[in-house]
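Below is one structure, written out as structure tokens, with a few remarks after it.
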């Protein structure tokens, strides 16, 4: 089988999505289904503050089938992120996921590029691991930082392809490839993917999973794009397992001719 | 519906594959099925000479479901290609496709890069159109040549992504995008695609279809790669129709926070 | 020595520039000097019609030092281009270049992308070679067309990097590299270069020379950009001759340490 | 004027080179001169251990003209790097540079990719700044880490283009561009550059300077490549200041024709 396992829990899809930025809650529901995903990340702060589009989240998705991944979006320091992570665990319980100790850790002091703080992220991760969380930290694609986070017990690392919501694609493939090569925990590429080709490419590099939100939620047709991203994630995984042809400088005929008709 | 129509004939898949280069005929059969394709190209000369792997082609595929696209691989001049195209029409009749007038036109004097001759291709295309063929010419991605071929009545143009079998991917996307923008006939990207991400990318550019052979047949697991290519072609098409997010220089939060918990 | 020879004539710079699009004639004069170029292309039609900025061309440059390369810009057919090429020869004589039989051949029916017509270019080239011209044809980067033009006696081929004035850079490096590999005549990359890095890159690929106009003339500081392009052309040529380091997947220390201080 | 100022000291070249990896000491001497550089980095540990090629360093270069930049290559921890930095200061004094407090800080626990440790680098930088060093830290291209290092008082940041000696070029341009946009201290792109086009590209992005060693020292002709790198650095800087043309999707004629000759 070809399943994704994170912190001992197994999933049938390697695509994770989100709940934010959709035009309507119905579009969000249909998109989540169309994507085939089994993990959906939720901004804890947004739910707590009953921000628009997050009032009926408990009823909006089938939390028996979808694993909730609380995230600490909006936290600028390690302290904030730790506090919000704890709230996330309570939120998961309210949704009936008693044993859900997952947290997508975001420590983002930068409002312009929404890039994560490596030092604050490491500090918060250390504390949250101690408290028994399965920590999925959002990081810049720094192989040494990824290694450090693995060593202190994180469940995954989530390097970014390019800034959140930018749709620039995978701008640092070389570093992501090194992270994948060195990691013993799953590597989830998060942020920046804008198209299915970019999703497939990340999977072909050997990523274990992807998290895609803006590219789906803000597409002109989110439901169709969700389906496209699901297909592309699977295509990229299959290709990674199937052994691509080597790249050659010269041509090699598809239809070699051993004889000819003169 | 989202079907591909070439020369008045409609197909449910936008991926075309081939019969050459597979390790066994069984692998070829399973890969064609796994890809979901409805068009398979066959090198006429190879069949005529009963080259290895092409003896039982009549029985190998279900020609009631798969449309045969004879190709003129191995022809170095317009004259040769015209002659082989006529043989291809006879071959289609033997397979029970009485009305099959398709021909994938290849005029390739160059053995190293297998790049097509624009002058010979144009000459052969003019003659074959006069003889009633639906001509699908294999060309370098030259927008003016593509326009010329459309004007003389070709059914499609088939610009190459990179040299045949090289697996280099789409190396001339700018020109292919211009061809797509200007063409009123379907544009089929042919040759060079090595991975599903490259297949999806070509479709996202707006290509109407793809022809992929080596990347499937010579993968370590051709059947799985065939499936991956089918999924990626569909994903790319869906994305093209779904309206991707714009590319931004700066970030845009997936989970905007209008309120905060202090 | 490291000189450029075209049609038996030798030059000390591998950069060619133009006269169009400059804000003032003084800027043009200074930019030509700053670039270090010895070949300047001139649109014959523009001079003939005394278009703005082209009135005083005879006096504007030192035609004892600068070789004039008449071009057939604005010609949509082979016939027009042949006629304008002949006018160009007369124009060169008026400038005192009695033996100047050079012509940059442009046959461009397409107003949007200004891409050349391969068929019309080939026809015009055949005629002009017969008439004793040193023909420098502007072409899409099609290796087979380049080969054909070489066989009929052209002095160079001038493949485009991307559409004229687009500043997109070298968008078809794979095909240009094949043209360079196969050609026995000089290969001049023409059109599309926007920055010195792109100029250097084309030279590193092995191009024999570059023609750059818009990127210089329309920069905010044309004279400084002209100097930058001259330096980059030389840097790229030097690098091509100097044997670059191989690309490695892994690191290799700049400062290997055989001993350590403990 | 267009000079580079680091920690209050001004230089006339924006290219820095090294002393390692050259085939002979004479080649190193000539290459340093050909490059036009005024800063040369030296591995302190290598000099201390009198490793091959580093015996006569005091006499090899004219330390009245060349500013010595001691580096901590070979240090795996903050502690080691701090110790070696102090040795570097002594070394500079022996060369007659009494007021040279520069140190290129490398903390590299990873032997395969030679990537720097962000945490250890930050720790060492904090200590060295306290001790009065002008600290030039070698870092992965992480904008938040760069900001942190600026805040604690580093003299520059030196983000890597790709792994040391790999010649892969600038693989993370998006992050480097963000670092440049946000930094108030000079940004020096260090490691990975293989060709002049890549050097020019980094400067066009707005980098203040470059450090290039392997690509020069290990080229087949180091002296010529050194000259090429010097020219390219200057070309890239000039282009950055000159205001490049915008990138357009469509063409724009170099020689617009307002009238025609019929």
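For reference, chains read A, B, C and D in written order, and residue numbers begin at 1 within each chain.
Basically, a residue touches a chain if its C-beta (ideal position, glycine included) is under 8 Å from a C-beta of that chain, and two chains touch if they have at least 3 such contacts.
Quick caveat: nothing in here was measured; it's all calculated off a predicted structure.
Comparing the CA-atom centres of all chains against that of subunit C, the greatest distance is found for A. Chain centres here are Cα averages; for subunit C and subunit D they lie 33 Å apart.
Averaging C-alpha coordinates per chain places the centre of subunit A 35 Å away from that of subunit D. Separating the centre of subunit A from that of subunit C, both taken as means of CA atoms, is a distance of 47 Å. Among all residues of subunit A, those that touch two or more other chains are 113, 115, 163, 168. The touch graph of the protein chains shown is a ring with every node of degree two.
Of all the residues in subunit C, the ones that touch subunit B in their complex are 109-110, 113, 115-119, 122, 140-145, 147-148, 162-163, 168, 171-175, 178.
Chain contact summary for the complex, subunit D toward subunit C: residues 18, 20-21, 43, 45-46, 48-52, 71, 73-74, 84, 87, 112-115, 163-168, 191, 194-201, 204, 213-215, 217-222, 224-225, 227-229, 231-232, 234-236, 238-239, 241-261.
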